[in-house]
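Here subunit A shows up in two complexes: once beside subunit B, once beside subunit C.
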Partner chain A sequence: MDFNLTEEQQMLQDMLSRLVRDHYSFEKRMSHYASQEGYSTAFWQQLAEQGLTGVPIDEAYGGFGGGGVENMLLMKELGRGLCLEPVLASQIFAAGLLQQLGNKEQKEKILPLVASGELKLAAALTETNSHYSLQHVACRARQQGDTWFLSGQKSVVVGGASADLLLVSARTAGEQGDPEGISLFLVEPWAKGVTRNAYPCIDGPRACDLLLDEVMVGRGGVLGKPGQVFTTLQYQQERAAAAACAEALGSMEEAFTLTLDYLKTRQQFGQPIGKFQALQHRMADMRGELELATSMTLLAASLADHPPSDERSRKLAASRFIITRAARFIAEQAIQLHGGIGMTWEYALAHHAKRLVMLSHHLGDEDTHLQRFADLLKAS
Partner chain B sequence: MKILVGIKRVVDYNVKVRVKADQSGVDLTNVKMSMNPFCEIAVEEAVRLKEKGIATEIVAVSIGPKTAQEQLRTAMALGADRGILVETDEPLGSLAVAKILAKVAAEEQPQILMMGKQSIDTDNNQTTQMLAALTGYAQGTFASELTVAGDKATVKREIDGGLQTVELKLPAVISADLRLNEPRYAKLPDIMKAKKKPLDTKTPADYGVDTASKVKTLKVEPPAERAAGIKVGSVEELVNKLKNEAKVV
Partner chain C sequence: MYFELTPEDEAFKNEVRGFLAEALPEDIASKVRLGKHLGKEDHQRWQQILAKKGWYAANWPQDYGGPGWSVVQKHIFEEEAAAAGAPRLVSFGVNMVAPVIMQFGTQEQKDYYLPRILSGEDWWCQGYSEPGAGSDLAAVKTRAVREGDFYVVDGQKTWTTLGQYANKIFCLVRTDPQAKPQQGITFLLIDMDSPGVSIRPILTLDGEHEVNEVFFDSVRVPVANRVGEENKGWTCAKYLLTHERTGQAGVGISKAALAHLKQVAGREMKNGKPLIEDPLFRLRLAEVEIQLLAVEISTLRILAAVEGGGAPGAESSILKIKGSEIRQAISQLLRQALGANALPFLQDQIDPDFTGEYRYTDYAAAAASQYFNLRKLSIYGGSNEVQKNIIAKMILEL
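Up next, the complex of A and B:
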């Protein structure tokens, strides 16, 4: 297997790493975090100008037509800079759903705007108590002629606070927990009956809870075949999870570098603390986990856009499991090795640690992925 | 007007370089390589001249290993129209590079030869000047501002203690200083277009240039480590130390 990047991928990575390094210092990141939007609109604009918001979008709709590897390069560098812009939520996850489920008219109308960064999307799929299960949908859609009326609530819609268009899953048939009977709708956040309660997540990005009260959606707002979108939701969530692996990897690499620098700098008992063997062992363990995470991120990136199959899902679950484990391990060890400074708000490591712990719960936690891996292994 | 831009593949400016154990040079194993930052400024200036409608074609040329095509592709993603790689695995001295570039210039007949003022690996700052001597073109080194009108170029040069403005008759060799411009980032669509732009590969032998170096590197050493500073308790103590220990006051 050739792990070398192509010339274009290499240039993409170089440009991205430079862009993030030049425009997303930790101090700038903290001011973006404190801003009203919770991210930098100027940086978003810059991503758009460089063509980066179009990386995961099909060429036919003004994007770059990038696959798993390009998404990996994008998210890894954004993860390294702890970037707050909703690239994963909007451009990869929600736009992926739209690309797969949308009809020609919907795609032609929306995707070019998404690729150019003018329109941001968010997928509202989870609910209170759904615990990572996409089939746990209590939100209901009632049909009346050509119109649907949505009622219910959605929780922790990452990127939902800044989204211009929401993709909301709702039940059109069956009982709560049935994989059948789930549909996906395009909902404008300012439509009548939509209440959006936005808040910052503990690790930085903004999310929102949605309350839907008889929200009217016309025929043009239905994505895919009503009642039959569950497998697509799962496929795209796995694809987004692969990109989240890359984001975590970028953050892990940065946390590792910061810790190594600290160990070489901080003096105790007349020498740098990195001279102590007990701490060297911890660094070696971190490096080991980081290497495993790197390999599994590459595996996830290479499989993310494969056609749906149990083997793809199983390997992606394995990747996510290893990455969530590594992310928590590296975050916790980095804090231990730093001591009190590692928990300081003004220091980047504390925010990497928070982001890593939260990324290990985003789109499924360690137990969820391990269970899914075991189930698929048993079924094969 | 045609502009020929010389670019060099060097260790990325963010890499902390390490000297090889045998002190024969810098360890380049698995080290990230990039375009020399001053060359990037030169490419940017050429692209800006093209955007202003002054230049019509930009040719990027690099002399180095096969992998230097990556830097040529980057130059093409930034706006160069085509590339020429003069492939050699030998490390070349400034004179050999200048001789090859002079031959390329004779073939291409550019009106402006843009270069970076120096490369960040060897820091020689010689090639532009040698190239000007070999070609007989006018030279404007350390440019921090460039204006081209008709067959003349006005270059504001950064010199010790101030700025000097010179007027050059084209064709001319111009080297870019840090403040000439701020290079752009390559856009994704341009990265894709760069793949389709033509890239010629030549060898120094094609130009009949003898690249044998007359300079031999004897030893490479890292700079001395900076000693830790000290804290003083009062202004009096500081003045005392500056007077009696450092002897600078």
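Up next, the complex of A and C:
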């Protein structure tokens, strides 16, 4: 049992923390949000120059070869700064899929560009009616000789607006809802037949919807064994979810700190409002949730790269459940404790609160994770 | 970063498991599992078994006869013992007054009291709460007036757990009524058979006799029975309360209770299927199990911090709150699992020594009683609201 960071991990954390603090003030963040791209290309460049876009990528492809703990450190600091860059969507989730499913040629061609930050990926897996389930794929791919033709739609692809290459799931066999028969394709967003509608999300990042109309994909664009990728999609989604826990934890810590500071400074009835017991107890409850969320983020980080097993999936679902619930609780309490000021666009807390609440709409909500845990519940 | 035990600790865990499998009497484990109250004899039998192995005073330093375990080993032992269905030790002697005597007592007190605790000769109870001093412990009114080599004690203690079995009581008494509440208190060790001490049972809502009132009517207590200085009893009390608060997440106990609940849910039927397959009930089980896992990991983090030289801070208040809520939630689900069969209140069948035929089944008899009994968890040892005050003050600095 050892919860300490190694020296190398500690350095990584310090470096990230400094970078975010120095270059990602709330004011800057809001101007990045309002920019053309919806994030900071300059900050992305800085991450790339310091090798940080390569943290989750294998060393063989020019990355840092980080595991669950390194991804946790990365995402936690980015979460603290409410950073908008598609690190989780591209470098962790989509690159993870490519690393696991891609053949040597695909990996050698693409991953070094991802590690260096030159090429951004996004996984387009969900559809309007899939409700967080990766097996509800209606989008179809039809094979003709060596070529596949993709038709259908993909919905709310986070990071998809800025992606240079998309990983699109499509059905090559079976019926909608079958875990079998799902395949994954590399699709260039400017390929013929692709329509990309981009928009901002309420919690900050950009996403897009995709319309695919007979989009041609050659043999080199098929990732993994056709029809057999579902378990990998699920595994990588769980891995990304573990990293999302860390992003939420960073944001929770920041929301907690902002609220605590406010209780100590805001005066009402002739004293700081933190002197009132009703408010103290709310704050103590938040601290309790934060404690559990911290524990489960660590657990998730330690399990994220374990080989697939029911035990891993069960505990990752548990982690996501605790963090999703804690995130909403802390967001709602933080707004309440701030009063009106917590509801204003110009104050950072409000944007943390939005991110924390909407976290449950990325990669599965409380009920999704509770159900998953219950499905895997051990009878004794 | 890793969550696994070291090979040494893993070996220790196996040793503990082996010992428990062999040494824990099945009749005692069964009573614990079924949520029954244990008698004095049950407690003493288990204490003797542990003492013989040298594992009774697990928290004591080796110099005083403890096994010299690390923080992690103590935790493993507590977890494994609870999971095996061992009764939770009655802590007033071995884990409450003993550390105070070790920390603040005279050599004579250590030489006299500690061996008697270890051997089980003395059964201690706690004289803290009073009718007017519950969560506000510093409001104690029981008076002790110095007369030569004696204190003369007058007043009343209440909620004295298992006082009916005790021959000793440690008390907070007021020696200076003029001082600020926390500064006029003294820590006294009193013989329960001293003239003027009387005890009266309080029946709790489950019909059980677990707690008592203890009355002091001009009880003469030798000054030699004072621990620490006069008017410095609050220091002892605070020291003791931190001891009391560290193990209170009760993860091992909750794990055992959850395993029992799952077993019951596997046998109880709903719509012709075992209750554990009912989607709604299963989600409720899942939720409490997830929370227990989160508290377990948090406990491990605190242990690791303590092992690394830190002190268990006010984080243990968080664990006390969460841990008690989980235990209460499990007892709620057990009651719920039994449907209408939780209603019959047959006190003879709740009795720990009942050997007859159960009206329905053994696990149903005490389930509702136990649920009500466990409401105490969020009240005692500093109520959960007091814990939140501690968090606000110590961690949040509000």
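Definition applied: the second predicted complex is superposed on the first by the 377 of 380 C-alpha atoms of A that agree within 3 Å, B and C clash if a C-alpha of one lies under 4 Å from a C-alpha of the other, contacts with A are read in each partner's own complex, and residues count from 1 in each chain.
The working rule: contacts are C-beta pairs under 8 Å (C-beta built on N, C-alpha and C of every residue); 3 or more make two chains touch, one makes a residue touch a chain.
Everything quoted here is computed from the prediction, not taken from an experiment.
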| item | value |
| --- | --- |
| Fit or clash between subunit C and subunit B when superposed on subunit A | fit |
| Touching partner for A:Ala138 - first (subunit B), second (subunit C), both, neither | neither |
| Partner chain in contact with A:Ala374 - subunit B first, subunit C second, else both or neither | second |
| First (subunit B), second (subunit C), both or neither touched by A:Arg18 | first |
| Broader residue contact with subunit A after superposition on the shared chain, subunit B or subunit C | C |
| Partner chain in contact with A:Phe64 - subunit B first, subunit C second, else both or neither | first |
| First (subunit B), second (subunit C), both or neither touched by A:Ala318 | second |
| Vertex subunit A, arms to subunit B and subunit C (CA centres, degrees, nearest 10) | 80 |
| Partner chain in contact with A:Val156 - subunit B first, subunit C second, else both or neither | neither |
| Three-chain overlay, closest Cα atoms of subunit B and subunit C, distance in Å | 9 |
| Residues of subunit A that lie at the interface with subunit B and also at the interface with subunit C | none |
| Contact set on subunit B toward subunit A in their complex | 14, 34, 69-70, 73-74, 77, 185-189, 191-192, 194-195 |
| Subunit B contact footprint on subunit A (complex, rising order) | 7-8, 10-12, 14-15, 18-19, 21, 49-52, 54-55, 64 |
| Subunit C to subunit A touching residues, read off their complex | 1-6, 9, 72, 259, 262-263, 266, 276, 279, 282-283, 285-287, 289-291, 293-295, 297-298, 300-301, 303-304, 308, 315, 318, 321-322, 385, 387-389, 391-392, 395-396, 398 |
| Complex interface listing, subunit A residues touching subunit C | 1-5, 9, 69, 260, 263-264, 274-275, 277, 280-281, 283-285, 287-288, 291-292, 294-296, 298-299, 301-302, 315, 318, 321-322, 370-371, 373-374, 377, 379-380 |
